[in-house]
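Take this structure first; my questions come after.
Labels A, B, C and D are assigned to the chains in the order they are written; within every chain, residues are numbered from 1.
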Amino acid sequence: MFYDLHYITIVFLIALGIYAVMFQHNLIKIAIGIDILESGANLLLIVLGYRNGGVAPIFTMAPQGKTMVLPTPQALTLTAIVIGLATTALMLSLIVMLYRHYGTLDTREIRRLKG
Amino acid sequence: MWTYITTGSGFWNPIWWLVSFIIVAVFVYNFFGKEVKAKYSPDKMKPFLSGWDEASKEAMQVKASNIYWGFTKAMSGYYRFLGVCHTGIINDYVVWFMAVMVLTFVAFIIA
Amino acid sequence: MSWTEHAPILIIAAPLLVSFAIPLLERIDYRVRNAAAVASLVFSIWMVLIVLHKIWVSGPVVYVFGAKSAFLPLPSGFKFPVRIMFEIDHMSAFMALSGSIAATVGVIYSWAFIREKEGGLGKYYSLFLLMSVGMLGMELTGDAFNFFVFLEIASIASFGLIAYRREDPASVEASFKYMIVSTIGAIFVLVAIGFLYGRYDALNMAYIAKHMKLGIVERVAFVLLVVSLAMKAGAVPMHMWVSDAYGRAPAAVTATLVSVSQASLYGLFRVMFSMFGVTMNNHFGGWMLIIFGLLSMFIGVTMAMVQKDIKRLMAYHAISQTGYMLLGVGVGLAVLDNPVALKSYGLAAMTGGIFHIMNHAMYKGLLFLTAGAIFYRLRTFNLNEMGGLARKMKYTTIYFIIGAAAIAGLPPFNGFASKLIIYESVYKFNPLLSVVAMVVSVLTLASFVKVFHSAFLGPEISKVKNVREVPRSMVIGMGVMAVICVLFGLFPGMVVKYLAGPAAASLVNHTAYISSVIGGGM
Amino acid sequence: MKPMSKIVRTVAASIGWFVFVFGIYVIVHGHLTPGGGFQGGAVMATGVALLIVAYGGWSAEKCVRKERLPVFESAGLLTFILLAFGGAFLGVTFFFNFLANKGGLFGDTLPVGINPGIFNSAGVIPLMNMGVGMEVLAGISLILFAMFYGTKKVREGTCLADNEKKEEDA
């Protein structure tokens, strides 16, 4: 019954993130939305590598003949998390600067560039 | 061979073009390029602006916003539509992106 | 093994090393820092040329990271490639050449353009080199996840660079908008790569391409990849970030940013031709590119007509020119399964589109640099406040004329050669498309006549009285691009024969791309 | 940013060192246990965050030599890339693990199967982890300080939009 639960969670997370970026007008909420979106993508990668009953892919803890969880998606997820950290830090810094320049966090007022 | 390209239904060679351009330019300059001497004194060449004096050269220059005024006016409906699309709000950028993605996906499933 | 055999990796490793060393080099002297940055990118160009020669001699080059042998993608006993590798065919090398030239010119131009008193120059050069590394890496890699990583490196570095003038609210705003859209696109790319990984248990693009069977998962991955990369390349209607980001970044950055977007365009073509190729519905893919191309061409140029900010106007033209590339290559893709049509006009259309990529990087870079030169002296982008600059800045004026003539497709400059190929080959596919392309070209000319008239002609306005020519490094930077524009215009046959033509052929040749990694063909 | 209450400061002072030590542990055992350069560096940077939050940014600034952080960052990254270059210099390939299974520095071979692990193994990977750890510590600390200065400017009311409005009014 719960076999597909993780995929449903992923879809939910990604949809939630996209909803926040599409319809929320607060910059901080947009940043949160993007972080949720990233979590969804990371969860997808982790889930793809999971094998039922597998052990953690550590070289010195590998018992002979048992299944291991795939290590590659975990490496990918780590990379994606690092990139996500950089993006989030930069995004929050830009929000601070935008607030200093415009005095607001509302996207509908931060539109000096249009047309 | 370095300059010659075929284009699917023709060819293009810039050196030939350059040579013919120079020939034509020399021809045109020799036959039509003679300076026409002014028959009138410079006083009479001044623009007539309903009796007003000409403003300074700087003020007389047509500004960039006014160039192609007619074009913009004729297509004002189209430009109003584009103005509605280019709101400059970040949420709308994402909405466009997602809309194109959904449309493409639907089209790809049908096709 | 001689060191030139490491040329594929040295293309990105040299700028990466200098980029990391810049905080230390900066403590010696600012000249050392700038010279190192320029030298590393010139070295990159040289390495690209070496690789290009190698590809000419012996086909696609593979470079495997961390293995015992760099040129053995599939050691005995391995069923699929496990290591990250670079896979460089003509198309990759072509893009890398164009990108590294643009980046080098950008750094040379920055020497004088970014004034010392603006501060943070060490970070500026580090990020600039990182952006170049990301762009080159995207173009060289043969690994899907590595592609994503380089995409993010290039993107994050460019966010920082766009917001470099952080006292200007619009710069920060442009950077933020680009960041939101780009990050979402990158996440979708990651999700698509995850889908493909879950399906084929591999990240190598050639391996995925070999085993590609079109199911529902692949369809989703295809749409995610293609739409995200088209957005990063700036196709209408996802182009809004282009005009913001190009319009507000420092000019030297913008000139390179054009090439960075083209790296995404390369990714789009790579996904469509090499990864999916004929297994997908190539009529659909081709027409999708053509529709993106038509929309980009027309909406881009009509939006440019009404702009009064010089860099924003040029940014809309960048969108419009991207349309030509999409159109040319899209026609090639639409007839991919029809050998007769492909031979008669499809390949020519693709050659034109790919030739246009390099031309665009050169003349659009040149135009952005001239806009930067005007900004350097006048401190404004507003065309209404300019006039009579031709009296004061003669080099800039000449370079602008060359760039404008090239982008408008006036003979004998490079833009004309590639546009002519596109018109004449696309005409055989569908005459209407060709007519639209020509109308757009006319509008482009009209729009640049407007810029030329407003900025360079006319009486000397009071603001321009004390303006001088820009410093030497900026003149040199613009000169390099102008010379390339003229040379490519005068010798298009050489470029088509040695660079663009083989690049188009290598895109079409789906099996060669696979067999250079997997071996033995399909 | 004001310093927090005495309780928080005392706890931060006693826990902070454990955070740093744990970060170093995660970095140097990156090749044997889950963890590595980024994770350990992030843990150590959490210590810096703890200092900023508990003692306020100005006191924390005095504890950390901020002008040396970029050098640290650069040195870490250079370690990483030079080790990667090492493989190419020795005539193999870029990123080749030229120290593994050779004896000497980090050169022991790990047996297959469940074992406690040998610290002196895995070649260049521990060295790269240390480089990355250094870089991440310096980088995240710099980010934290930059954000601290940003919040300070916002709170002091130096909102540029207001200034521009004032200039327009005047």
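Please note the rule applied: a contact is a pair of C-beta atoms (placed from the backbone, for glycine too) under 8 Å apart; a residue touches a chain by one contact, two chains touch by 3 or more.
Keep in mind that what you see is a predicted model, and the values were worked out from it rather than measured.
Engineer: Out of curiosity, which chains are bumping into both chain C and chain D?
Structural biologist: For chain C paired with chain D, the chains in contact with each are A, in label order.
Engineer: Indicate the whole-number Å distance between the mean C-alpha point of chain A and the mean C-alpha point of chain B.
Structural biologist: A distance of 45 Å separates the two centres.
Engineer: Between chain B and chain D, what is the gap in Å from one C-alpha centre to the other?
Structural biologist: Comparing mean C-alpha positions, chain D is 54 Å from chain B.
Engineer: Give, as an integer number of Å, the spacing between the C-alpha centres of chain D and chain A.
Structural biologist: 22
Engineer: Could you please state the distance in Å, as a whole number, between where the Cα atoms of chain A are centred and where those of chain C are centred?
Structural biologist: 28
Engineer: Which positions in chain C are in touch with at least two other chains?
Structural biologist: Chain C, residues with two or more chain partners: 169, 176-177, 180, 184, 244, 303, 306.
Engineer: Could you check chain A for residues that touch two or more other chains and list them?
Structural biologist: Residues 18, 21, 30, 97, 101-102, 110-113, 115 of chain A each touch two or more of the other chains.
Engineer: Show the residues in chain D shared as contacts by 2 or more other chains, in ascending order.
Structural biologist: Residues 160-161 of chain D touch two or more partner chains.
Engineer: Just spell out which pairs of chains touch, all of them.
Structural biologist: In this structure, the chains touch in these pairs: A-B, A-C, A-D, B-C, C-D.
Engineer: Show which residues of chain D lie in contact with chain C when the two form their complex.
Structural biologist: Of all residues in chain D, those touching chain C are 70-71, 73-75, 77-78, 80-82, 84-85, 87-88, 91-97, 160-161.
Engineer: Once bound in the complex, which stretches of chain C touch chain A?
Structural biologist: 145, 149, 152, 156, 159-160, 163, 166, 169-170, 172-177, 179-180, 183-184, 187, 190-191, 194, 197-198, 203, 243-244, 247-248, 303, 306-307, 312
Engineer: For the complex, which residues does chain A have touching chain C?
Structural biologist: Contacts found on chain A: 14, 18, 21, 27, 30, 34, 37-38, 40-41, 44-45, 48, 72-73, 76, 79-80, 83, 86-87, 90-91, 94-95, 97-98, 101-102, 110-113, 115.
Engineer: Within the complex, which stretch of chain A touches chain D?
Structural biologist: Residue positions touching the partner: 56, 58-64, 78, 82, 85, 89, 92-93, 96-97, 99-104.
Engineer: Could you list, by residue number, the parts of chain B that touch chain A in their complex?
Structural biologist: 83, 86-91, 94-95, 98
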